[in-house]
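The first chain written gets the first letter, and so on, giving A, B, C, D and E; residue counts start at 1 in each chain.
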Amino acid sequence: MILTAALGLPMLGALALAVSSRWTETAARRCAIVVSVLPVLLLAWAWRQFDPQGVLFQFVEEVPWVPSLGMGYRLGVDGIALAVATMSALVFSASIAYPVDTKHQPRQYYAWMLFLQSVSLGVFLALDLLLFYVFFDLSLVGMFFLIGRWGHGQAQLAAFKFFLYTFFGSLLLLLAIIGLYLSVEPRTFDMRVLIEQQPLAGAGMTAGLVFLALMLGFAIKTPVVPVHTWLPQAHVDAPGPVSAILAGVLLKMGTYGIIRIPFAMMAETFSRYALIIALFAVASILYGAFVALGQSNLKRRIAYTSVNHMGYTVLGIAVAGALIQDTEYARELALVGATVEMVAHGLITGALFLICGSFWQRTEEYDLDSYGGLLRQAPWLTAFAVLASFASLGLPGLAGFVAEFHIFAGTFGVYPWLAVIGVLGILVTAALFLQMLQKVFFGAMPERWAQFEDLRPIEWGVLVVLSAGFVLIGVAPAFLLTLVEASAALLVGGR
Amino acid sequence: MLWSVPILPLLAALVIHGVGKRWPGDDRGRAVLTLAVVAITVATLLLVSVAVTVDWSGTYRWSSRVVLSLGMTSASAVFAIVVPLIAAPIIVYSAYHEASPVSGGGAARPPVGLVALLTAFVGAMELLVLAEDFVTLLIAWELVGACSWALIAHEWQKAGNLRDATWAFLVTRFGDLGLYIAAAAAFAGTGSFAFADLAQLDGWRLDVFVAGAVLAAAAKSAQVPFSPWLFAAMSGPTPVSALLHAATMVAAGIYLVVRLHAELSAVAWFAPVAITLGLTTALAGGLVACLQGHAKKLLAASTSAQYGLMWLAAGAGFPGVALVHFVTHAFTKAALFLAAGIAERHVDSYSLTAMRLGRLLPGVAAASMVASLALAGVVPLSAAWSKEKIVTAAGHQAPWLAVIVAVAAGLSALYATRFQLLAFGRGRHDRMSEAVSRPGHSWAEAVALYLLAAGTLALSLLWWPGVGNGLADLLSVHFPGTRPWELILSLLLVALGIGLGAWAVRREVSSQQSETRTAMADWFGLPTLSARGVNAVMMFSHGLARFDDRAVDAGIRGSARFGAWLARLGERRGEGAFDGATNQLAKGIDWAGQVARRAHTGQMHHYYTGIAAGLAAILIILSIGALL
Amino acid sequence: MTLTTLLLLAAALIGIGIYGALSQQSFVMLMMGLELILNGVMLAAVAFWAFSGAGVPEGQLLTIIVMAVMAIEMAMGFALVVAAFRGKQADMTESLTGLKH
Amino acid sequence: MESMNHGLGVDIAFLLLATLAVVTGWRVFRTDSMVRASFFLLVSFIAVGVIMILLAAEYLGVAMFFMMAVEMTVMALFMVMFMMNPAGLNPMNMVHQERIAIGAGVAGFLILGAMALLATFPDQPVPAGLEPVRSLGNEMLGESMLIFESAGLVLLTTMIGVVVLSSHRGRYGAAAEGSMPPGLEPGGDPAGKPEEDEAGEGGHHHHHHHH
Amino acid sequence: MPIGDVLPEISLTLGAVAIVLFASFVRQRQHHWAAVLALLAIGLGAGLTVAQWGGTPRLTFSGVWALDGVALASKLVVLIAGALVVAMSPEWMRTDRRHGEYYALVLFALLGVIMMASASDTMELVLGVLLSSVASYPLAAYHRGWAPALEAGMKYFLIGALTNTLLTIGVVVLFGLTGSTGYPDIAQALATDSDRLALTIATACVVLGLTFKLAAFPAHAWMPDVAQGSPVPAAAFLTVIPKIGAAVALARFVSLLPPDVAWRAIVASISVATMTLGNVAALRQTDVRRLLGWSSVSQSGYALMAIVVLGVSDQALPALVFFLASYATANLAAFAVVTHLRGRTALDDYRGLARHAPIAATILIVSLLSLVGIPPLVGFFGKLMLFRVTLEGGYAWLALVAVINTVVSLFYYLRIVAPMMFGSRQSAVHVLSGQWARSAMAVAGVLLIVGGLGAEALSLFTGSIRFAL
């Protein structure tokens, strides 16, 4: 029941906010914050209860939904899912608590945010392919309304682009899911059965097509170059907290999906194409980094680093799925790294986008060159921005390093040359973040920002929580690694 | 328990930073800072000595594959002791020499942030030298880099400082990539990151490992072609340079070579590479230093050159010699930087031609003299001993190598002389000149300098018979035996260098600096070259960004075009933003939409024709199907 | 009088009917084209009944159904033409251009 | 296919009737008057009806006569009442896309003609002694009862529909009054009135002589 | 004569007759009671249909009338949809002098659709098509005082007349070929060697005739006009209900054909052409009703996918009926909202609706999302079933085309959603007074969600249906 509660409570909260029109802004906000924290607590509790030595999926719940189709309301988590879900819940709480201009519709804003929290957690907690898809698609709907209604700039356009682009991916996914479904007897959408049976092993063309559709669908969501172009615009025009969710949570659905479906259910096919996926991942790493370096818009720059970081994740997964002899250790390391990267990127980029949101609230300006010397006016904002940037560029002691180090070490054990090429990415990332910091926070301050405010207490508090998260993972990741390692070992070694 | 050694300064730094803002802004605040720093370094030193005597170690488990571990080897012990030893006076110096950059127009506040960062820097360096596995090493390695970024960027109001800090960070991070690769190769070969398991490494992975480690170490210790980053680092405050060069950042590179010497020299090409690298840097750095007119840059080039000598020693198979030279060099170089910093305060410039403060600052001049002579390699000062050992070590490889090394050592005599005479020679400034009215230096700064000079003098005990052998036993390293001809040649070259230096100084007063000389003095134009490279990269990424906007996205801008139209229809804003955008797919669908709409003319006979045509099409498809 | 000749005659009538349906502007004339088609269809139905259907009664019934189709469509057509003419002054296909694209 | 028992006279009659049916059918679209056109159509139908009788489907043929006679009269009356050019006084040629129409007609003829010539249908002539009318009656009230009733239902529906559409006056005054969508706001115009309606009426009209 | 087998149909017929009589004797103001009568007749018919459920699939009335799961299931869907249409009408039709007859025609049209779905004889099929057509033409043109409605009705009729005529060609040729009009005999005759040229022509004509009722390419042209010009409740009827009967009739017909007739290719081609054309043409519409009409065309294309794989995938028929039911619910909900909003149709008029009429806006958005196939709405399960059988039948390319089309369709559906949610408006929103349309809208909206969450019920209901033949 704990998982159902985790995704059901925000849904109930969303309904409560949606149904009654009596909520004041403060009441709606307080209610949303409180409700959004509950899943964090529940999942943290589940984390404590999780048995790393136990079976792959724990806390399993099963209620038939459409049994004649083999579909059910099935929930359950392994270490990977639990880690990503907990991170997501946390990022949601942080984003909901972060101040934003609700454009006189606070009730609707918080209702949509809670709705999105619920369905996003659903994606990570689902153990049924179709249920996974249901939540996957609903997240698009929630995001569409959030961007379109509360975004700025060309928000509608960005929302359209986001929805259309990723919806195409999700429909491909639907076809592939049906393909998988049709390949098992008896027909079922139960992920556990599909993982166990590996239904399309050796199925040649069919397996290839199903795999292609799956990977394309997830690649769009992740996003992997060259199907990433929906991302920058959606990010730029979305309000800060929504960007934080988009980058922190929604992108993870792509990579999590890769781990959960093609990686786990089509191991043989995956291994056949692992190298190609890894090449795309490396392309994403470098391309994302270089394009980010070329951006002069604060939010676009951060948005493109997501392409880079998700490239690391995909690289880790691709490597983990390459069934090359005597590389189990390395592959397990890579998968652990990929998972940690998901968690780390969620927290770090979440924090960065929230900081962007603070900028927009104060200045409505994203142009890097118009800033400078803000350290004088806003030391706390600077401190958090520096910390998050360094975390994002992979500085040891912060979460990004743990992830990237695992991934590179794992990759080297399987595809040494890709590791050598890919590692260049962290150099470019460093360059782009340092340049960004330099332009925004240091040097001389233009007169127009003389009234620039430092962080307000609530912003400060939220950023402290997120930063604590990625510092903790950077310094003492054992709690996370132990959880993930167990599942990674089962997924990599158990095959 | 060994964790306490690096963690103590790191935590202390946090505490200093946290509570430092509330301290008084005057000299009392500086005094408190000084006391705190001294306490921390002494405590660290105590912890290290305890660790050495009772053989502490430490492990910290991340996961079943990744275990962080600390341990003490002779090389780590030396570094672990030297680092706080050098750092203590430097940090005290900085507490008085610098001011907080945020203090603005009011009274200069003590540089709490800087002191905290320097303290953290010490902690990171301790972590680096105590690391017993690659994860820990890499963590410390990059933390050191990040600390140096923050330190160089200390005066953040000047955008140039930030650029230099970024540049320094990026160059060294480029080297760090080597360490990433090395660590990955080690894991791939041994299934673990521990140094202890490196012996199992063989085959191509060993080659990759060594290449990565060499790259990382060379970049950190500013070997050619990475040397120019040290110049960029000169944007930082003087104490930062002192610490960076003497004991921490740059030292990390040579520490890695010394610590992993056994594994590195398992590949045949390591020795020639290390020797070539070291020798090239020593000669080039020496030349640059001889030509530099900027006091700190002269010293920086000298740092590269001296670390080049250490590389050479390690390459020649005597990491112990490199270790000792590191220690002797640390004291002299720290002292010289502090002296240069004091000089700059008096003339408001690092330009050597403007100094000649011998009369004004006799005490400082004397301390600087000790360090300069040691750097020059004048017997019986400390650095001379280790330098002679390097010449000898080179001689073990080949006699001609010893000759070249001696020439490089002669160069160091030349530039050391030049530095000393230009900075603290007897020149225009005397007690009567206008410089007196300038703010001088505090007693604390002078004491710091004297302490370091005294350290140099104390280390001169190495010349005392038996001390060298005792040290070798203590560190369980091997020193090469000195050959008379090498010693004589070397001493002759030192003398020649000093003479040439004195001559050059006399000439320098009159002559203008030529273009070529300026270029050569700036690492033979390497920075320009790399600046071009950076420009190329930036252009590439801007181009890529444009490409990403226009080309890759083109297929998707269907929605954009349509959305723009919608925005016009709906919100009446965002108009025209995408008017120029050409998008084939969007155009195609849009066109199809128009055609489909236009085809629906509202005219019945067109519909009838359509139905007839549709029927014909159905018939044709059915007939084809029947024929197939 | 064979099945072939009968079917050819039916084909000719249907062809002319198609021509009429496609070419006439006036609703009434257009409907005449449709009737001509149905005329051919009825003929074909009777021919089939007589030559290849072994005289099964469904053949005749089918012809009656086709006849009913014709009658009903004409009735409905005239009713609509009347309504359209009254409401829209429309007697030709070209005058129906309000709904398009 | 020569199994049917008939003589030369029947063949000649068929040939004449066929020619008549085609020619009058063609003339329907080649006359200046709608009234004449409807009478040409009637002749064509009658020719086909006679052919049906020749084929021993007397009932169908006769039904055809009556039906078509009534229908064509109605049509002619209708045209006199409502339509332009009642007596063919003005020459009229109201056609569009004639080439396409000719092409479609020819194609239709060729395809069906090809079927007539090339296709093989079962060779099962009407058995001797069959009483077509009786068998039809048995069928309609027996096996195909449902079809027969369905047809009746369709006729009923048509009647209701035709009355609804065409009756001029209803039980409560003018039938069409108030027969429109509700206004967009109470009392206002309904939504979605096409713009062309206000401007373009009669763009291709040559005459309005009713009302 | 097994009268018991057609009791639901008799119920509808009697209901219609009763309504006509009622309307002749009652004051116009009381005519909305005719809607109650119609609902009673439909309810009785539905009840009788349910009572028929569970019997073995069989043909009755000498093989003319199919009494199988498909017929019963589609009959139920048609009746429920018809009830919704009736329920959304009274306020819309209030001012009409012939308010009462409207319901009689609706019942007759329902009967015609049921005849199509149940016909197991080409003559009955023709009559079904004819009955549903002649009842629909007046429905489409019911606003005699409103030019667009007359034009829509006229166009609908003209296209219908031509296609019905062509349908009779097909039926007659088929009779010539097989000497029979009953499906069992036809199937038997075609199974033995029969002439391919004639069969090709017959197939083409029959399929074309049915595309008219399906609003599928090439006889789709009436659909947008009717959706735009006709009375909105009638548009709701015509965009939804005839399709159900026609799709089942088409499925019945093609299942008779021998395998060497390329009917799968034909249906697949029509499917692709229909969905693509409908979607592409809908892209730039600014008239919401017309947009829904085009979307309805494209939805026919999706439905045809299930017919393509008939016989290859054993779930093809359940998928067809399931999809049609889900589509019917969503489209009726959308039209119910439009009715409730007094037929507002310009896209601009929908701006800011979410704030002024939140419930209507919500139901409209939900219905559009259901048409797209966003889970967990019932439309998602419809599409899921379709994709599933299409993939199972080996028509992955068709599924892919449908996917691309779905993305395109999302675009124009969102174009309605976006101004409603993101725009703002000053003026008030007027809705129809009274509870009929509002209730119809609410019921349809609830069905969309309940149908999704309770997809199992619908799935069980359709899961085992098959043809009697």
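A few comments on the model shown:
In the analysis below, contacts are C-beta pairs under 8 Å (C-beta built on N, C-alpha and C of every residue); 3 or more make two chains touch, one makes a residue touch a chain.
Please read these numbers as outputs of a predicted model, since none were measured by experiment.
The fewest steps needed to get from subunit A to subunit C, moving only between touching chains, is 2. The set of chains touching subunit A and also touching subunit B is given as E. When the interfaces C-E and B-C are ranked by how many C-beta pairs touch across them, C-E comes first. Greatest Cα centroid separation from subunit E: this falls to B. Ranked by separation of Cα centres from subunit D, the top chain is B.
A straight line joining the Cα centres of subunit B and subunit D is 97 Å long.
One inter-chain figure worth recording: subunit A and subunit D are separated by 68 Å, centre to centre, where each centre is the mean of the chain's CA atoms. Averaged C-alpha coordinates give centres for subunit C and subunit D that are 5 Å from one another. For the pair subunit A and subunit E, the distance between C-alpha centroids works out to 42 Å.
Subunit C has residues 14, 18, 21-23, 25, 30, 47-49, 52-54, 58, 61, 65, 68, 72, 76, 79-81, 83, 86-88, 93-94, 96-100 in contact with two or more other chains.
In subunit E, 123, 127, 130, 134, 137-138, 141, 144-148, 153, 155, 158, 162, 166, 169, 173, 176-177, 179, 201, 224-225, 228-229, 411, 418, 422 are the positions where the chain touches two or more neighbouring chains simultaneously. Across the assembly, subunit B contributes residues 559, 562, 566, 570-571, 597, 600, 602, 604-605, 608-609, 612, 619 that each touch 2 or more other chains. Chains that are in contact with each other form these pairs: A-B, A-E, B-C, B-D, B-E, C-D, C-E, D-E.
Those residues of subunit A whose C-beta lies close enough to touch subunit E in the complex are 64-69, 130, 133-134, 137-138, 141, 144-145, 148-149, 155-156, 159-160, 163-164, 167-168, 171-172, 174-175, 178-179, 181-182, 209.
Considering their complex, residues 559, 562, 566, 569-571, 589-590, 592-594, 596-597, 600, 602, 604, 607-608, 610-611, 613-615, 617-619, 621-626, 628 of subunit B touch subunit E. The residues of subunit C lying in touch with subunit E in their complex are 14, 21, 27, 30-31, 34, 37-38, 41, 44-45, 47-49, 52-54, 56, 58-59, 61-62, 65-66, 68-69, 72-73, 76-77, 79-81, 83-84, 86-88, 90, 93, 96, 98-100. Chain contact summary for the complex, subunit E toward subunit C: residues 122-123, 126-127, 130, 134, 137-138, 141, 144-148, 150-155, 157-158, 161-162, 164-166, 168-169, 171-173, 175-177, 179-182, 224-225, 228-229, 290.
Those residues of subunit E whose C-beta lies close enough to touch subunit A in the complex are 369, 374-376, 380-381, 383-384, 387-388, 391-392, 396, 399-400, 403-404, 406-407, 410-411, 414, 418, 421-422, 453, 455-456, 459-460, 463.
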